[in-house]
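Sharing a structure with you now.
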Amino acid sequence: MKQGMATREAYGHTLVALGRENPNIVVLDADLSKSTMTKLFAEEFPDRFFDAGVAEQNMVGMAAGLASCGKIVFASSFAVFLPGRCFDQLRMSVAYSQMNVKVAASHSGLTVGEDGASHQSIEDLALIRSLPGFRIIVPADEVASAWATRTAASVVGPMYLRLGRPKSLIVYENGHDFVLGKAVRLLDGDDATIIANGRMLAEALQAAAICRDKGIAVRVLDMHTVEPLDREAVKDAAMETGAVVVAEEHLLNGGTGSAVALVLAEEYPVPIEFVAIKQAFGQSGDPASLLKAYGLTADDIVAAVEKAIARKRQIVSVRRGS
Amino acid sequence: MRAQSSAAFRAVCAKRLVKRKNGSADIDKNKRTSGLPSVSIDELERIALTVRRHIIVMTGKAGSGHPGGSLSAVEIVTSLLFAVMRHDPTDPRWPARDRLVLSKGHAAPVLYAALAEAGYFPVEWLESLRKLGSPLQGHPDMHRTPGVEMSTGSLGQGLSMAVGMALAGMLDKSDYRVFAIIGDGESDEGQIWEAAMAAAHYRLGNLVAVLDYNGLQIDGPNKQVMSIEPVADKWRSFGWHVVEVDGHDFRQLLDAFAQAESKKGQPTMIVARTVKGKGVSFMENVVDFHGKAPTVEQVESALRELSSPITGNGAR
Amino acid sequence: MKQGMATREAYGHTLVALGRENPNIVVLDADLSKSTMTKLFAEEFPDRFFDAGVAEQNMVGMAAGLASCGKIVFASSFAVFLPGRCFDQLRMSVAYSQMNVKVAASHSGLTVGEDGASHQSIEDLALIRSLPGFRIIVPADEVASAWATRTAASVVGPMYLRLGRPKSLIVYENGHDFVLGKAVRLLDGDDATIIANGRMLAEALQAAAICRDKGIAVRVLDMHTVEPLDREAVKDAAMETGAVVVAEEHLLNGGTGSAVALVLAEEYPVPIEFVAIKQAFGQSGDPASLLKAYGLTADDIVAAVEKAIARKRQIVSVRRGS
Amino acid sequence: MRAQSSAAFRAVCAKRLVKRKNGSADIDKNKRTSGLPSVSIDELERIALTVRRHIIVMTGKAGSGHPGGSLSAVEIVTSLLFAVMRHDPTDPRWPARDRLVLSKGHAAPVLYAALAEAGYFPVEWLESLRKLGSPLQGHPDMHRTPGVEMSTGSLGQGLSMAVGMALAGMLDKSDYRVFAIIGDGESDEGQIWEAAMAAAHYRLGNLVAVLDYNGLQIDGPNKQVMSIEPVADKWRSFGWHVVEVDGHDFRQLLDAFAQAESKKGQPTMIVARTVKGKGVSFMENVVDFHGKAPTVEQVESALRELSSPITGNGAR
């Protein structure tokens, strides 16, 4: 896989393009426009960019007010502060009020790196998933991020984009035809399914390659949309492969894995292994070392796949009906 | 037990509302202030009385709600909806309307009562306050109640939304104005000061906030719970033009709103000194009536008191 | 079941008792002391009570500062504002900093009633479950709440108590011997297990009675401690009854049901039905009507039990090994 | 490339720290100020120089971090740790110690450098800044770094924690004092104003905040991003005693801290005008050096500049 732009960079560039196409688009930031890349928009459209300073709560309120007057509002900061610092505001002013506000949160996950725990959001999905009405996209590369940004602009209602700091590995060809709420099946196989998104999709693909060499055939799903979750794809994976691994740069609690576990508990219970952060905060370090230290590498995924398959074999299931 | 109010009376009020819609959302800016309504102070006081009666009846009927902070804001809301703001009850989403955000959302009853009187929805709705499925939720809900501009209830958020609306007005070169009503207890919230800073930074002359300064929050007087004094200095140091008024005196309120309108490039804070529970002797300055509904007997005794307008007897 | 005090009332009274026993206990509130019942403590120990006014963020910071100096700090407000209005503060100043702060949040769930959506916290567990280091107790009645409050004072570290507004039905005898992290098995049966806590435990017990009349024998577990979750009890329930229902006054996403689903996905996948709030905000209404409107009654639990059992029967499972 | 510093030098500094522990946590209050250290301004300036060199070297070595806002706070932190505060590097959790909360946590390098110089941990640790497993995290972590009082990094929270510590001091009738350093960009956070209001309400004379007023935040100058002026008025209107100083002038800083100590029943805000990147010509007032580490060449050139103390050349 080739290295491409960070998802936050693709977001920034796409915002500029959208700004040219649609005068209704307004962008807000909370003193992090160089990092979230909204700076690109600010430079070209200074009149439609508002900096809230280091005041995430007020930024969200301003976004809601602007949206109530017909603006399509993108609000950006780091994922740890947005939603973390302004959850109640997102709840009342955006989710409950059904405002057309797009929360584009950069620097999600451990791969923020050296800044450490205070800046590494490992729980933002848990927060946003608890806000009825919010759609959630976790793009894996620059192509997916550009699509996500365009989708945010065109679909009416609250939306959350989970973006990353480091360069991303390119998974998709330009112009790939994503559908909101539909997982992408990147690889197929019968032994198990790896569901991943964001930064972890590249690891999942590497893991699948390692598995292939070991004679294990895995399906890989890019679950770019976490809300609404593609229940069909999850159910099919369980029914057709019988063992599921969910890999994400997020806490186990409240993330994509939790969403998948709920679906399967209700639809088709099979063994699931979670490659996610277990109850612990992040810390300083370079991204690669951190992923390793927290068990979020391709090798960890492979181990999880093997464990899930072993558990599947332990259960001899005869399913009647469906 | 229903508060008096007639369709005819409401129609009169509604007609008096400033309506200068000229077909499109385009507004002749030079004429903005020329059409201020000719509602007399006497009439405003009569409306205020009706609004007060509604507040008592509807919270009494609901068996819960916030009468104290609703009663303190009656003159503020009444002057806005019946004398100051440009709006159209028959077209609540008219793009060029002035906007009112009730940031202290628990005072929903005063807003509902005034909106009903202004003709946004039938007065009969008031009886459904806080009931399952009612268009009148315990706290304002913009999607359920015509005329409610923003959903509030979690304190401290409304002023930020008002800032956003004011920014949108500037962007769209529309001359609508934005009003927000905040509480003194609510002023403890840091978000209020974030919004205050931003409004001054962005020179939002189209923004007016009113502080319903009734001196009480839930746990007691501000002075004991969390003092906000010197509050006028605070707003001044945050870059706002500040006007201090008796919040139950329509003349002072209208003057202050006019002053705010003439102020360019700077938001205005109207510090309105009020009395919590105003107009009902046994509720005035009684901390407990913040969030306690009147009993059946209390409703009756309150309505007896509220049979003629309170004239010019101001705040503390 | 007899009606007893609300869990928040039991909290308030127990605080006073603790205040008498331990001069190190300090209580904070954010202008809601009459509702959270910390007022009782404030009246007896005015020197050790600090009102933050309507400033939840600062309250949490003050709590952390006091705790860093050796105080055992209880901080209270409504569950919608605490954690909702101060999540990042709980994250940095309390969870990450491992402060001895007890967050006692009242008015959780829909049974707040007439105040409506802005005041009904249906997502607080999702937030707190994403904070490593926080223990979580959801007491069902006055006895459990008194125990939870005492436990909070004696166990060092961040803890969350989820309290309710309305009177609670009495489930436990005075002095019941609870253990932090151990579910209480209130009823036993082989057909299915109902896991519940807080307000929903009483509904679960009623549901179990209805089930018994229908010839269905259910186990009922009070999952009072949500973090750390009693994994053993959950796993045993799955292995021994094969069908699980989780009932809680919370969103499906992020609540007790999500925690249970994660455990079973990893340990022993069986059908689970969730009696919880599906992605929607609350609204005004009296508590009983709301529980009905949102599908949170004993009858809803019974229906869920029947569905779970039907699903279990569809799966003929032969489990090897374990 | 390592900054100069010798164990002997550190020992001298450490000895000069005020230590009036008399066996227990009991402190003779009347003697509190009598033992102020006899560190000369010259010595403070030499320490400051070393601290600056450490900041450059450690961020350079880490390849990331926040040199700009660390350099602006050097005199503030140095005066606190080496002349103002009562503390004991050999006993970081001494209950009666004065407390310092670095609310603008991204300036961790200045705190780490000063703590190392004061003897809290070996200077060698500084090289591990921001590495996996290091005791010196990208932002201060109270459980990993001796002498770090509170974990910070998310802006706006530190002052609230300081308020809590000051309340605990009052409760325990201990005479320790609490210091917090906040940024100008950080002052946008509403929580700062919540804490400000509470500190005045609770009359916390044992609390001192210092504003590192370097005029810049990440997106540019405060004036453009979010103006905080008139900032001294803001703090005054929030009930604080305000002193304005040149934040690079030790004499003015020490005076201000002494003034703060004599102020009873009211918290003091020291508005310290500073220069972001102070001491390194190519970093001074350069927005980008907020969060960018110096390259190898830049480290060398900076260390050349930082070979003799900057004396009394003050702020902008």
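For clarity, chains are labelled A, B, C and D in written order, and residue numbers in each chain start from 1.
Note that contacts are C-beta pairs under 8 Å (C-beta built on N, C-alpha and C of every residue); 3 or more make two chains touch, one makes a residue touch a chain.
Here the structure is a predicted model, which is why all the values come from computation and not from measurement.
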* Look at all chain centres (mean of CA atoms) and spot the one farthest from the centre of chain A. => B
* Whole-Å gap between the CA centroids of chain C and chain D -> 41
* Structure fact -> Taking each chain's mean CA coordinate, chain A and chain C are separated, in whole Å, by 29
* Whole-Å distance, chain B centre to chain D centre, using C-alpha means? -> 45
* Structure fact -> Multi-chain touching residues of chain C, meaning two or more other chains, are 52-53, 55, 57-58, 80-81, 84-85, 88, 91-92, 96, 117-118
* Mind pulling the chain B residues that touch 2 or more other chains? -> 151-154, 156, 188-191, 194, 197-198, 201, 226
* In graph terms, with chains as vertices and touches as edges, which category applies: line, ring, star, complete, or other? -> complete
* Asked: Which residues, counting only chain C, touch chain A once they are in their complex?
  -> 80-81, 83-85, 87-88, 91-92, 95-96, 117-118, 122-123, 126-127, 129-133, 251-254, 257-259, 261-262, 264-266, 269-274, 279-281, 314-322
* chain D partner contacts - residues on chain B that touch it in the complex -> 156, 188-194, 197-198, 200-201, 226-228, 230, 233-234, 236-239
* Structure fact -> Note: in the complex, chain D contacts chain A through residues 62-65, 105, 130-134, 137-139, 141, 151-156, 185-186, 188-190, 217-219, 222, 225-226
* To do: Quick one: which bits of chain C touch chain D in the complex? Just the residue numbers, please.
  => 26, 47-48, 50, 52-53, 55, 57-58, 60-71, 88-89, 91-93, 96-98
* To do: Using the touch rule from the top, collect the residues of chain C that touch chain B in their complex.
  => 29, 31-35, 39, 51-55, 57-58, 80-81, 84-85, 113-119, 283-286, 289-290, 293
